[in-house]
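Letters A, B, C and D mark the chains as written, and numbering starts fresh at 1 in each.
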Amino acid sequence: MKLRKITAITLAGAMAAATLGMTAMAADTDWKSFKIDPAQIPQEKLDTTISVACSIRGLENPYINTIKVGMEMFCEYLDSIGQKYEMQVLDSGGSNDTEINNMKQFAAKANGNAIAYSDPNESAICTSLVEAMAESGGYIGTAWNREEEDTVEDYNPNWVIHTSPDNVANGKAIASALFDQMGGKGQILVVEGMLGNTANNDRVKGLEEALAEYPDIEVAAQDTANWATADALTLVETWLNQYPDVGGIWCANDNMATGAMQALENAGLLGKVGVVGIDANNDVVDAIKAGNATATVSSNGYLQGGYTLAICYAAWAGLIDPEELPLEYREFATPATVITSENVDEYIASYIDATPEFDFSEIFWCKAD
Amino acid sequence: MAKENQAALTIQEEFAKKIKAENRREKVIRWAPVLVLVALIIFFTIARGTAFASVSNLVAVLNQWSIPLLVALGLTFVIMLGSIDLSIDGTVGMAGSIASVLVMNTLNGNNFGIFGIIAAILCSVAVGFVIGLIHVKLKVPSFMVTFAFQNICIGIAYITYSGTPATVMDPLLKALPKASFLGIPFITWVALIMLALCIYIQEFTPFGRHIYAVGTDETIPRSVGINVDLVKIKVFTFAGFLFGVAGVVGMIRLGQGQAGIGKDLMFPAQAAVVIGGTSLAGGKGGVINTVVGTLIMTVLINGLTMMGVDPNIKTGIQGIIILVAVILTIKRGATVISK
Amino acid sequence: MDKKLLFSAKNITKSFYGTQALKGVDLDIYEGEVVGLIGENGAGKSTLLKIIIGVQPQTSGEMTMHGKPFAPADPMAANKEGIGMVFQEQSLIVNLSVGQNLFFGHEKDFKNMGFVNWGKMYEESRKVLEEVNCGYINPKKKVIDLNFATRQMVEIAKVVNLTKTGHDDQKCLILLDEPTSVLNEAEVQNLFTEVRKLTAKGHSVVFVSHRLDEVLNISDRVYIYKDGENAGNMNIQEATEDKLYAAMVGHGTTTEYYHQSEQKKAQAEVVLEAKDLGLAGVFKHCDVKLHKGEILGICGVVGSGKEEICSVICGDEKPTSGELYVKNKKTNYSSPAQALADGILMIPKERHAEGIVRNLSVAENMALSNAPLLAEHGIVSVKKVNAQADEWIGKLRIKTSGRDAELISLSGGNQQKVVFARALASEADIIILNHPTRGVDVGAKEEIYALTREVVAQGKSVILLGDTLDECIGMSNRVIVMKDGLITGEFQADAGEKPSQVSIVTLMM
Amino acid sequence: MEKTKTVAAKPDWKKIIMKNYSVLVVILMIIIFTVMEPNFLNSMNIVNLLSDSAPLMIMAAGMTPILILGSIDLSLGSMCSVANVLMLAIMLGMKDSISSPVLIFILALVITLAAGVAGGIILGLIHVKLKVPSFIASLAFMSVWDSVALMITSSPVKLPKALKMTADWYKIQIGPIGLPLILAILVILLYHFVLTRTAFGRGIFAIGGNERSARIAGIKVDLYKVIVFAMNGFCAALGAMFLLVKAKSSAPTVGESFTLMVISAVVAGGTSLVGGSGSLLKSIVGVFIISIIKNGMNMVGVNVYWQKVVYGIIILLAVAISVDRTSRSRIVK
């Protein structure tokens, strides 16, 4: 089980986030090993066409594509147990209003026989999405963005779970990896994602936390590249004229890290300046292996998309009652892996060279311990 | 005091004075874009010194200028018709994505080399042709046709690589972003060659004259027997060609093909064309104006990045400078109409 | 007639969307003659010319050119056969140079190794311009930098050249659709000289104009059309203005063209006074008084400043010196809207550019200036708008399919009538008529004159820039003459004491 | 005299249908989507269709007269973002000093609408007085407003629980139609009345048709233009409020995607981009065309990679069918 080994290198931050949810230390370990038993699903449920969806913010980012693939893997599992289903992707294109509309329309179509994974565009609209689903009687699991004051228990039973790879922790983890590689001192360039976006703000917050711990690291320049490769290339290209001695480049995602590396390559600095990003895009992972990039974070979109839907499915099929689930099994962290030169080979072997395989009947396998 | 002076003048003298003033104003208007550009360069040089005014930054500016220039050149002809093209974001991304999956890449076993690139450009030429055809034959406003094709082409770009963008592996293509000739980067050469082509078309072919005529008042060329519809279709097709070249160049520059290559190129290109002095009403302006316009935009972004302006207000400053530059190039007066 | 037939059209008809514009007209043109073509607006003159030049095909009927059947697919085909046309609306591309305009659409003739040889084109242009006595025009100049008269000459040069390309010995036919409307007297004479030169070489010219004196002056023969049908043709020797008028309108003419019997003396009250008014570089030191119930004519050549003085009074442009008093109140207008609030409204000269809104209906165009008057509590009454439209359509005999027709569907003269109706319907009591009868047929002219008389009888005042000098003198109570931006003379012109044309012209030139 | 007598206008059905192809497009799309996915017409989705389009509707109301003028406003979406974050920022600012949430909401709304009007006036004045074409002036303002929105709040903010009740009205239904859409349509009808039945409104059409003629005829061209831009700012701010209560949160980028969507909705309805013609009633239809396309595609579940392609093609078809071809002489740019 190579997967196990990698997930073992999880983030301290992510775990801290997980413990937040553990209000009552219910030692009900049975849930962890809970398995879907197809035999227990009533035939009428199996014959009902269930609408399956994942709501995403666009297709620019390869990470988001892995969520979609995760959903498709889960749907293969549904095939294997004889469940009828219809699958679709709701693309918001980065617009809050569109994402809410999409979810409402999806809910209306399915009439309650629906499960959805949602990556809210902004934490502020998380509950609006959940509400749309709850009103139709469908089941939804959210990931990433949610306001702190919100809890899944506000929308029992329809808001089944919320999983959160911790953006602050991710931002901090890659920053620390970068700073360590630089020997704890020097100048860095900061390439931010879209301004005003929750994920970006959290990641930058993580960077700032790390900066506080490394007093000799100095931010030479900081600007936005709107999550885009081309913008990052332009930005870094310009900066390199100004700060040729820079030691590292922190990027809020891997698309931008790709652009930063291209700029370094054009300037003949590739491999000499550390680059970090988040999302574990294939080209960045390859660059880590080649020694051209320092670190990235895999949030394992396959697992997020697939297992969130699996848990929602179990709720819809009546196998679990979300209200009975302990909170730690409804609000938890999914494993996130910091990929560095140390573990990059393993990651490539199991995720890039081979398509990962998951057993979706073990629905809580996705919970980071 | 001015009044007394005027009283002493005859009408003829006044007229001569007025014409002189008008000519002066005309000159200012004609040269305003260049003045803005020079002012920006001087300002950034003073503010950032050698970091801005260095050979390496000049190369960076040339690199960053190439794609906006290619795109804006295509747009210039469309705007000279009095039409508009919003398809840029899509066509550029589409051409780049198609090219990346046809040359040697990480996603599939294709290795069509130069033919892959030609095929990608042909795709966007085809899109330009179809846009022109629908616009002309179905009388759909160019705004709407190109808006629709912006979406269609972004979609096609997504479909080509279905998730993970293809990284270019072709050694020649990988080497190109670093390659330079006479100190000027390869991709800038591509842009400059296209620029020469555009100047040739605008200044030395009947087609170029016909574009002006159609933009001024299309009933006139029609009455002379010129096929106005064909002129329009040709312009959109040629724009498609330039967007395709921009897409391929973007792919080469990025080392990767993705829909995002074209993202956010469109509005800055529109701004660049107008800042340069090409009129949105059509019939006025040209390729050279666009060269200045795109340089202003590129230098502005480059300089503001170097200044380390708070990203939150950077776009705002850009907007204000665009506005100022345009205000300088505009004729005013009670009888002037602006839409 | 010993001359050779050059062009012939027999029984041409044309119907547009159900209306019959031409019901069967004929036109025979012999080599080396000038044929005048006259008729009221909508008589079918422009339609016939468009058919001859190939802009639109006829519904039925035959044409021959050089004795061969002739059916041009487009203007270029017509040019090849030796027919060229100067359109009523200017057809130069203002952002291109004179030379590029002259050879517009024929650039391929100068192509060399893929490049257009502009140098050669400009050389050719110079020759072409010299041929029509316009050698002073620099072919490299952009058209936008030329005045209207010069543009008109370029236009004529272009047509003359087009019809000659390739066939030096071929006889040409040149169609001039109201070519003189933007020219001053001297330029008209110059144009006529050119026309004569062309005909001396055996070429033929069709000349369309609403100015009968010009038609009589230049033509050898005159064709008259009425309502899309032949209404006769006559040699110039037998034609007089009265005869032509009778044939066009269909009933006897009145020599009391300007209704002078109804002309009343102006009242003493001054409604508008300009003191030392000036616009830098255009006119200055202008003192003008307008009395209640008066028609004040302003005469002058193009460029004398008479147009601009109207622009200033109606608020379109701000004066650079002097003062303007309206009803004893000092004013400082920055827009025509402010002038309208004081009761001043202008009927502009450039109908298409400044007069009409082409895609609005007849009724809406008429209500542009007085919409607030047609409103109750701020809400415009559609009933009133429609009633107003119906009233004026009747009064001015406007030919339209209805008050809801888009204005662009009307013929030029009828559009002008709509603009006229707008001014009369508004409550403005100082109306500036800037060439109110331009492009309007003789019958409608008379109606406009009668209405103008009616307007002043009601106590309103009018400033008139006449389309002809005759009109200006005939209509006005008083005439001001301008030259080079200064007022050079003033004449009382009440009925019975009209000044002579000569006395005015000497002050104009 | 008799030949010029005007004939009483008979209803010309052919012309009426040609002028209203966009309605046919809506009906056609409803039929096609229902055939493909019967749930398209289920009660819940009808409710969605009739309430989700409210923000788009209200913004289309502001944009339509601008297009009738022959102008364009590309800063609409960014203005909406500014109003969106501004309103919530004001609400949060007043939260501690004023106890009544309703009062807070109303005060914040009034200030926001005023800000929208002010923004519109600034843009209008720059366009009118400095003669900057609206396309480029609004393009510059798009950048400026984007920055202003980010300076007000750089991150999305949620409506605090204490004020959540102020968003409840958004879900009120009258029959199948949501209150927000009713409000939006009321605004449109009122504005439509103003446009067709006041001197101001008639002036707008005249200016769009021929600005010189309108000016010479004594229409207050500059004033009217500025008013139209101010109204557009007002509508953008109202739309921003709708988005705020709909999402129960504000975001500095919320309006971004609306600009082109609004313009395409208005044009799809049949208002021409060259100015002089158009109607707010047509824009209602146009908004439904866009909303139905988006809704229908989600209903049918188009493959995600194909979604944009399908969206583009349907919009193209819809506009190609509904574009006004009754005026033969019109030049399309």
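The working rule: a residue touches a chain if its C-beta (ideal position, glycine included) is under 8 Å from a C-beta of that chain, and two chains touch if they have at least 3 such contacts.
Everything quoted here is computed from the prediction, not taken from an experiment.
Treat touching chains as neighbours: how many steps, at the fewest, connect subunit B to subunit D?
When the steps are counted carefully, the minimum from subunit B to subunit D is 1.
Centre-to-centre on C-alpha atoms, which chain is most distant from subunit C?
With centres defined by C-alpha atoms, farthest from subunit C sits A.
Centroid from C-alpha atoms only, then distance subunit A to subunit B, rounded to Å. What do you get?
Result: the chain centres lie 38 Å from each other.
Distance-wise, how many Å sit between the C-alpha centres of subunit C and subunit D, to the nearest whole number?
Computed value for the inter-centroid distance: 43 Å.
Where the centres are mean C-alpha positions, what is the separation of subunit A from subunit C, in Å?
A distance of 74 Å separates the two centres.
Two or more other chains in contact with one residue: find those residues in subunit C.
Subunit C, residues with two or more chain partners: 316, 335.
Going through subunit B residue by residue, note those that touch at least 2 other chains and give them in order.
In subunit B, the residues touching two or more other chains are 158, 162, 219, 312, 314, 335.
Send over the residues of subunit D in touch with two or more other chains.
Each of 150, 154, 212, 304-305, 307 in subunit D touches at least two other chains.
Determine which chains touch and list them pairwise.
Result for touching pairs of chains: A-B, A-D, B-C, B-D, C-D.
Of all residues in subunit D, which touch subunit A in the complex?
Against subunit A, subunit D makes touches at 37, 39-40, 42, 44-45, 47-48, 52, 55, 149-150, 153-158, 161, 243, 246-254, 256-258, 294-295, 298-299, 301-305, 307.
Per the contact definition, I'd like the list of subunit A residues that touch subunit B in the complex.
Residues in contact with subunit B: 59-60, 62, 65-66, 68-69, 192, 195, 221-224, 226, 228-231, 233-235, 237-242, 255, 258-259, 262, 265-268, 281-283.
Under the stated contact criterion, what part of subunit C meets subunit D in this complex?
314, 316, 335-337, 339-341, 345-346, 348, 353-360, 364, 367-369, 371-372, 375, 378-380, 382, 390, 393-394, 397-404, 406, 408, 422, 426
Within their complex, state which residues of subunit B touch subunit D.
Going by the criterion above, the answer is residues 81-84, 86, 134-135, 138-145, 147-156, 158-159, 162, 218-219, 267, 270-271, 274, 280-282, 312-320, 322-323, 326-327, 330-333, 335-339.
What part of subunit C is in contact with subunit B in the complex they form?
Residues of subunit C touching subunit B: 54-55, 74-77, 79, 87, 91-96, 100, 104-105, 107-108, 111, 114-116, 118, 278, 280-284, 305, 316-318, 320-321, 334-335, 484-486.
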